[in-house]
Amino acid sequence: MSNKMKTPKDSLVTMTEIVLPNDTNTLNNLMGGKLMHWLDIAAAIAAQRHSGRIVVTASVDNISFAEPIALGDVITIKAQVTRAFNTSMEVYLDVSAENIPAGTKQKTNRAFFTFVAVDQLGNPIPVPEITPETPEEDELYAGALRRRQLRLLLAKRIKPEDAPELKSLFFAENK
Amino acid sequence: MSNKMKTPKDSLVTMTEIVLPNDTNTLNNLMGGKLMHWLDIAAAIAAQRHSGRIVVTASVDNISFAEPIALGDVITIKAQVTRAFNTSMEVYLDVSAENIPAGTKQKTNRAFFTFVAVDQLGNPIPVPEITPETPEEDELYAGALRRRQLRLLLAKRIKPEDAPELKSLFFAENK
Amino acid sequence: MSNKMKTPKDSLVTMTEIVLPNDTNTLNNLMGGKLMHWLDIAAAIAAQRHSGRIVVTASVDNISFAEPIALGDVITIKAQVTRAFNTSMEVYLDVSAENIPAGTKQKTNRAFFTFVAVDQLGNPIPVPEITPETPEEDELYAGALRRRQLRLLLAKRIKPEDAPELKSLFFAENK
Amino acid sequence: MSNKMKTPKDSLVTMTEIVLPNDTNTLNNLMGGKLMHWLDIAAAIAAQRHSGRIVVTASVDNISFAEPIALGDVITIKAQVTRAFNTSMEVYLDVSAENIPAGTKQKTNRAFFTFVAVDQLGNPIPVPEITPETPEEDELYAGALRRRQLRLLLAKRIKPEDAPELKSLFFAENK
Amino acid sequence: MSNKMKTPKDSLVTMTEIVLPNDTNTLNNLMGGKLMHWLDIAAAIAAQRHSGRIVVTASVDNISFAEPIALGDVITIKAQVTRAFNTSMEVYLDVSAENIPAGTKQKTNRAFFTFVAVDQLGNPIPVPEITPETPEEDELYAGALRRRQLRLLLAKRIKPEDAPELKSLFFAENK
Amino acid sequence: MSNKMKTPKDSLVTMTEIVLPNDTNTLNNLMGGKLMHWLDIAAAIAAQRHSGRIVVTASVDNISFAEPIALGDVITIKAQVTRAFNTSMEVYLDVSAENIPAGTKQKTNRAFFTFVAVDQLGNPIPVPEITPETPEEDELYAGALRRRQLRLLLAKRIKPEDAPELKSLFFAENK
């Protein structure tokens, strides 16, 4: 596989699932953990598509579950790589849930997963760069740097002064 | 169930699982999504124990997956509530993985999930307060406020100037 | 949901799955039955999208499994309604399998499922007509009549003389 | 394993399952895809019994799902080989569903799967011939040739003039 | 359903399964717990067939697992009721495992499960008596009384002097 | 791993599960077979902890299921080794079930599983001895000998006169 410049669309994955009884809690709503399981698989495929490599989950950013998703709903997950960082890739996921007979559809979650490309022994290996093509992809590409700084800061792998983009995001009004 | 003051230990959940073939990726390592599925169930039980209520996942904080966990490993997940906020509870999870025949054991992940207690109709309902009893529980209790501010900030439900504890955490050294 | 004329694209479903260990036989290849299970779910969602109704599987046409699909492969299933017949819909499914690290991708299967739209009691209920928009959709729309005759003939619900399109397909060269 | 002449009964497989919640759709009825998954496993075992080999699914003929099968029903699948063709075998499956507490039992489906015997590398390998012993087995044996012609015709691997038995079946009354 | 005298054969259940990856331990052998799960389902169906009722597991007798069963093996479970005791039924299960391509087959386990017939509220309800028809069924019928005494003794629901058949079995040679 | 004297507590395993829809029967209660599946996994981990080896299930003693366990209940399984016999270990399991929102908790089952430690080829291998530390552990340790005699007697591997402890248990009052 050539390491030519690739676009986010090249990595796009659409996954569609139905919420089955074993996926639900006592209120007959989808359990958050089951949704994360699906997100991880969709994101892994997107990262595979971008890198042409075996990939392993490196981290997941904060996800919130504001909307209950009911038994029988159809879940659509769209995943695509936003940006590559040497051996790692950030994947953006967008989740919507539909009750088709009721005619309702809502966006329920957004998530960012990070994957590392590895060789057969599990050692990290460089991945191609990415060229965003749309305004939304540009914004996701730019934001990826701030989210990466936040991840590294939360993991105590960098210090706040090494995260200028993050700081300006959070504390612009303090300047 | 009386709403008397409760301790983190009252909510402690220990979950033990073996990594089975369907839980693994091409490298025979546990998929991150499957681990998150287990974490969500363990955390939900801890939140149930604290609140005595049906609970629903509200959010999960950033999780990193630094260590591969292999097929056949024994996973131990310990979950306990760190702090309650009106109708929501933060749950701290600590994950370790063992290859018992090889005699190896390692801490692999830490995670924070937030749950909301709900009634039979799914409406939020207040939960008891919590009294930390050990230095580690005190620290988790104190940190819960900062993590909550970060969650609300990331969800754009508060502004940076409303998150003073968070700011001092990140930027103490700049003062 | 209005019963306005709808197009095949309105019902398009893309499902992406990874072949996991429990999906495979002794040769580490995907079992045909597991693939049919996924096809049924993808087709049901397409039929739901077209009809806006609960749907139940009525029949599946002959499927052949010419290409082995390996453990770890990424399966992409595309499903869309080809034609509606009063209360039933034919769904066309196209399956491809990729070994992304190896850089290989192949079309592996085509299938036709038929679904019936039903109300909450399980009684059949009319579905909207469909307007094909592309040459491929036109061809699938036209072929749906012959495939329906073959289904009815195989089910002994019509006689050969009631299946003129089917006859001309099979025996054109004898005329 | 000797390649002596074998009978359909030698390959008989009886599989019994209970319909569990995750096997059902919104109407609490068994999903067609789950039934096909069970059929594929039962048929594979019958083909293994006949051939004494690893087998892979080659095709499934048209199946119709006329009768809903409910949550909690007991499914009985009987599978036996009808005829062998060099390296392939046709397997006939008969499905019935019972609600034992209600005292009801019905035949719900008939199906024909075709399997190919393979060696450890997945290459086709000849299978023993079969000798039908009962009138029903004779009829299934005779019909296997017509069904095979239909499969090959649908797969465009033969032309209509090469399928005389099939033609006489469909168009006897035109002669 | 009439409560006429029934025979063990009336309740016979044959269940056939393939050992899949997720059913196996680190040595690629079937886990004992998975086999017990299948046994419980097969035995429940046999008890349903005898009683025509919903049934619940009351107990399982000592089972030993002397023979490893390998990934890919075909498991055949035969279950039939041996004797009825007012509202409960003892079910005998016989398990064999085959590696069909290797041409090996062995009996691997025997087990006895006891079920209670219940109404829709879960209250015990009388079941029909049974008439053994073969010498093996006679022996299982006679032994059922001793096994029942052992169960009751182990559950401390009877005293040793109330289990004369059991005593004579164990200690005949001491007299 | 050194073969130093170990205690029952060293092997303690706590497993926590929620009863999901697919684990339940028609009455929405946990199926006995599913519980046994969980018990086998919990017991295997305890035996692994004691022996530091791969272990295989050798037998399970009589288990009774007196109390129904409902959908949504939280199951807590505690497993620890009671005694070692050359290459085998007896594991004691204690099961309780909670309906947390209802505030109810009950002990539902006790069970004894026996495991054998094996090497990579599946051959039995000696395990460390164990030193009970509490009165309850002393009692379980003492009882293990009687239970072992009963197992061997039921498996017809010893004669009644070789089971003096068992005899005194059952027939103390006849002396």
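Letters A, B, C, D, E and F mark the chains in the order given here, with residues in each chain numbered from 1 onward.
We adopt the following convention: a contact is a pair of C-beta atoms (placed from the backbone, for glycine too) under 8 Å apart; a residue touches a chain by one contact, two chains touch by 3 or more.
Being a predicted model, the structure only gives us computed values, none of them experimental.
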Labels of chains that are neighbours to chain B and to chain D: A, C, E, F
Centroid-based (C-alpha) most distant chain relative to chain A: E
Between the pairs D-F and B-F, the one where more C-beta pairs touch: B-F
Farthest chain relative to chain C (centres taken as mean CA coordinates): F
Numbering shared by both copies at the chain F-chain E contact, with half separating same from different: same
Distance from chain E to chain A - Cα centre to Cα centre, in angstrom: 50
Between chain B and chain E, centroid-to-centroid distance (C-alpha), Å: 43
Chain D, residues touching no fewer than two other chains: 21-22, 25-26, 41, 44, 54
Complete list of chain pairs which touch one another: A-B, A-C, A-D, A-F, B-C, B-E, B-F, C-D, C-E, D-E, D-F, E-F
Complex interface listing, chain B residues touching chain A: 25-27, 29, 31-34, 36-41, 44, 54, 56-65, 68, 113, 118, 120, 122, 150-151, 153-155, 159-161, 167, 170-174
Interfacial residue positions of chain B with respect to chain C in the complex: 21-22, 24-26
Chain D residues within the chain F interface of the complex: 20-22, 71-72
Chain F - residues contacting chain B, complex: 1, 13-18, 41-42, 44-45, 48-49, 52-54, 74, 100-101, 103
